[in-house]
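Shared between the two complexes below is subunit A, which has subunit B as its partner in the first and subunit C in the second.
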Partner chain A sequence: MKYLACLITLAATPALADEAWVTNEKDNTISVIDIATQEVTRTIETGERPRGITFSKDFSRVYICASDSNTVQVMNPETGEILNDLPSGEDPEQFVLHPDDRHLYIANENDAVTTVVDVQDRKVVAQIDVGIEPEGMAVSPDGKVAIATSETTSMAHWIDTATHQLFANTLVDSRPRHAEFTADGAQLWVSAEIGGTITVFTTADQAEVGKVHFAIPGVNQDLIQPVGFRFSPDGTKAYVALGPANHVAVVNTQTLEVEKYILVGRRVWHLAFSPDNSLIFTTNGVSGDVTVIDAATDEPVKSIKVGRFPWGVAMRPTPAN
Partner chain B sequence: MSARLIALRAILLREALRFTQQRSRFIAALVRPLVWLFVFAAGFRAALGLSITPPYQTYITYETYILPGLCGMICLFNGMQSSLSLVYDREMGAMRLLLTSPLPRWWLLFAKLIAGAVVAVLQCVAFLGIAAIYGIRLPLVGYLAILPAILIAALMLGALGLLLSSRIRQLENFAGVMNFVIFPVFFLSSALYPLWKMREAGPLLADLCALNPFTQAVELIRFAAYGQANLPALGWTVLAFVLFAALGVRGYDPGRGLTKSKG
Partner chain C sequence: MLAKISGMLTAAVAAVAWSGAALAEVKVNILYLRHEVARPPVLSNLDPVPENLGIAGAELAVNEVATTGRFLGHNYALTVLSVPPEGDFTAAARQALGQAQLVLLDASAPDMLAVADLPEAANALLFNTSSGEGRLRDADCRANLLHTALETAARSDALMQVLQAKQWRRLAMIVGPKPADQDFAAALRHSAAKFGLTIEGEKDWTFDTDLRESTMDEIPRFTQDLPDHDVLLVADETDDFGRYVEHNTWAPRPVAGSDGMVPTAWSPVIEAWGAAQLQDRFTRQTGRGMAAQDYAAWIAVRAIGEGVTRTGSAAPATLRARLLDPALALDGFKGWSLSFRDWNGQLRQPVAVVNARALVTLAPLPGFLHQVNEMDTLGLDRPESTCTAFGGTP
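Then we have the complex of A and B:
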């Protein structure tokens, strides 16, 4: 009887494993990948066209940009149940959670605004006019600066998070898609999809300090479209998804030179490190899979089928007991 | 040591001696697949990656895809070369001498096959080493697992060569047979392109490729290169080896084969 009780308890307990959560833009679902087994263990329904995805600091909630439902959904990651919707403004595509764990900065592509939402009160705190078709969102590690990149205006807009006012606009190359601060907050990197570059700024004076260029032998330059990227935990490398070029570039953050190109699936869009930083998961939109890269060797090890047009990816570590 | 083992050792040593002394043969055996790898595969580079088919777990470049096929190519040419040397030996006398020994003929031919297969394995090891320096690498376990697979493939293709050599009377005829055997066997296989690609071109072509024992040998090598056993490919390759070897030995039977026809 005791064994039976143990078995029932085990069966009722959610699997204790690090997970990668992947939004499938055309399936209106999230694929949950068990990082240890590298297999999809759950598929959870969401609102229409899920794209941006991020977890709360304690991983008790997951926020999902349901772009065509014009909302940000808040989900219980244990049960997959939608807890509530947030007033996100129209067509939310990407967002970033402020280090205070309370404010979401959301890019509203169709309205040319950035919406700031208080996730506790579920209220819009501010709407900030930015350039046309905002997409990339970032917040500095100290939480003082938020960035919105506008695809059509080709700018990075610098927002003072205390006043919710723009205090600088900096030009980047055509169609900026994604922005990230370095871990120390000293630099801001912005990728430009059509321009095919990443522009690097110093945060203190918003001055451009360099550009990253890409070239893959045998691949037409037009196909090289940098989109999502992440810094390695030690800050020495940046991994850049190159869209229809089907490669991830490994960039030396000191020299801004590309050290390696890693072959992944078709139209690689975003990527994320596993919680233990040993693996990188890339979302490959057209091939409908996620490529796993060994971060120690920078070699691709496996591609895992998920839903149609995977877009964003966020990591959920093993729940602490 | 029994007489059979002495004979086996002698034939192995003779083949090893040839292998080490005929440097041009060794270089030629390496240059052929290297040209395919560095020139042909570069042209078909598929920089955007090939679709995932087993045993591959993710997207690969064309160079990675054809590596096992080129190991198969080394075995194929080595098998044919070995059979060419059989015809030569038979014409020039060395083989005649060997076949007059009191040991069973099948054993002598089998020893010859083993010796040829070991040479093929050595050539493949050198080829894989150069490919690794160039940056086309296998998983570590693959470098071990691929060796027996190459040996089996080389034995099967050596047996095919043995069968052919048992049917050829003169050295001059050999070039024609090479053209009629090597090219169809190599191109109608999965060495250069995956079977699904052939199926797109036509189901008949894909079926012919699947039936080709060389395809099975290449797939055996391909799966072994990634630490996996492809049992159907192994079964078909072994079956083809048994069949070719039996027919080849029968061809060398004085009562039935060439010796009889020469009177």
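Then we have the complex of A and C:
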């Protein structure tokens, strides 16, 4: 019976519902969560130390940063089969897919470069020198600007995607981790883990226009460390993972004030909205689980055990057929 | 791997470019000033002290801050000056201060005070990267001397927090004969009292034979008459005999202190909080693991870099003000954002408690509270300090 259960877990089964795909950094696996039942339905093996994860626009492929295998894997999400590896540069940690669905901008954490890869030709298009330990990656909605943030250099590097040249380097607080453009592309937000802030820039002139600060009663200020974050679909709120503070902050994007802190699992890294936008899934590295937050009430509703050290999360809607 | 990729490049590797107005050039000259010590012989030859201890940390950090500087027009240079044991350290310092006013000191406490009190150092910013002596943070503090080296009392406090949290409260101690052993033993006694643990008995290490082939005969007998205890402390700061104590004790007890479970600012076994990347960079550069003194030098240069990056200035007074600002959030790769105590210049930092193969835990531990900052539960705290050079009152 145990054997049978094992087989079922390993066998790739077609998705019958919306799914959350979670990379487990210390297990070399992906846990696939059925969003309707909130159960892990599949565990898929990956390369070593999977972290960043994202789907192609039509969800026919999933890209996985296998950091310690020094590659980006391309997987068929139906079967779990690896279709091919992409030349990613050394130690790819995080990446972003350009709106053209063709170019991946990859942060090479150990190499102080950003690698641009054409996923069709499977070729490196450019390598761009950035600061030490690049991590956060973002592309503007119009595709013209890519951002790499470097942890040890405390900067957001602004890359012209047409020329692959840096055109600005803006300081943020210590150890930037994640960058996101607002949906209209007007602002860039960058989280700083050790600085404990998010810096907000206007995209047009790369000027700093504001900062988000965090404070949780009873939690040491030095341990409130913003890492991954996402904007709500209507753009009014940002949900910010606060690392070892074990909370997600809900930030009003107009006032930059925190409206609420949601208790989640330990060392929360990243988060993502379910395809229908009703739920938020957070990856909690130290507790090895995922917290499900009800986006209507901003209340945590469930914890789901996944693998060791869950890091990235990406959503796959029910295939339309 | 890199070569493989360059072969696949279809476009030229993009060069770094900047936009906007010309950047203000800032020259940042950093001096690493060492007074070499004639180290006493130790029983084992297994772990020689690296020739470039400390220096390697400064070299790594200057490369890192130079990367940031490249984007901002800040140019960093590191000069290493190593004075032989018999050399005139103060004279060398006096001359070198003419070239650089940002100085990492790798020397004894008396040497450091002599340099800090030189007229040439009056406007300099000095960093103690090597001495744990309490008096440098207390009555003998100096306004121009910041400390990135961990104070001895912070190490002993961290260890006692861990033992208290584990409820291993009855201690015995073996104390070596050297001054550094005596200082560490004094710190352990003080910390034991501070955190409510009891040192039930002590013995002085008096062996003058080569123990390497007789540890199993000698050390059980040596430890047999100690009063009953949960943990055996060893104060052996020159790494002489401590390594032979563990697993040779009469009673089956863990060893802690200078060997066994060790409190330290840094160790190659630290992996979390991004440390794996730092360890990797260090090992690639030096071919060895990163030690606590390498870390102290590394973070001193990183602190200078943070100050220069945020202020656009390399003036010691400007950097000092920035570093002593309580809002400083220095990234020490230990999970907490770090700052300096603005009342004695000591870097606030967590203390790793490690064994040879893994991190045991990181102090301060949960539950050890403090009215200002939990990291201030480790080491000399403001109410106890008689330091006045930073504007405080005794």
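Keep this in mind: the second predicted complex is superposed on the first by the 307 of 321 C-alpha atoms of A that agree within 3 Å, B and C clash if a C-alpha of one lies under 4 Å from a C-alpha of the other, contacts with A are read in each partner's own complex, and residues count from 1 in each chain.
Going forward, contacts are C-beta pairs under 8 Å (C-beta built on N, C-alpha and C of every residue); 3 or more make two chains touch, one makes a residue touch a chain.
In this text the structure is predicted, and so the values were computed from the model without any measurement.
Judged by the touch definition given at the top, the superposed model places A:Pro217 against subunit B, while subunit C stays out of reach. In the superposition on chain A, contact is made by A:Thr291 with subunit B only, not with subunit C.
In the superposition on chain A, the chain among subunit B and subunit C reaching more residues of subunit A is C. Judged by the touch definition given at the top, the superposed model places A:Asn246 against subunit B, while subunit C stays out of reach.
Contacts of A:Gly265 after superposition on the shared chain: subunit B is touched, whereas subunit C is not.
When the two structures are aligned on the shared chain, A:Arg175 is found in touch with subunit C, with no touch to subunit B. Of the two partner chains placed by superposition, only subunit B is touched by A:Ser303; subunit C is not. Looking at subunit A, you'll find residues 223 touch subunit B in one structure and subunit C in the other.
Within the complex, the subunit C residues that touch subunit A are 1-2, 4-5, 8-20, 64, 67-68, 71-72, 274, 277, 280-281, 306, 309-310, 329-331, 335-337, 373-375. By the touch criterion given at the top, residues 45, 47-49, 52, 57-61 of subunit B touch subunit A in their complex. Against subunit B, in their complex, subunit A makes its touches with residues 216-219, 223, 245-246, 263-266, 291-292, 300-303. Those residues of subunit A lying in contact with subunit C across their complex are 70, 87, 89-90, 109-112, 115, 118, 121, 123-129, 131-133, 151-155, 157, 163-169, 171, 173-175, 194-196, 220, 222-223, 225, 244.
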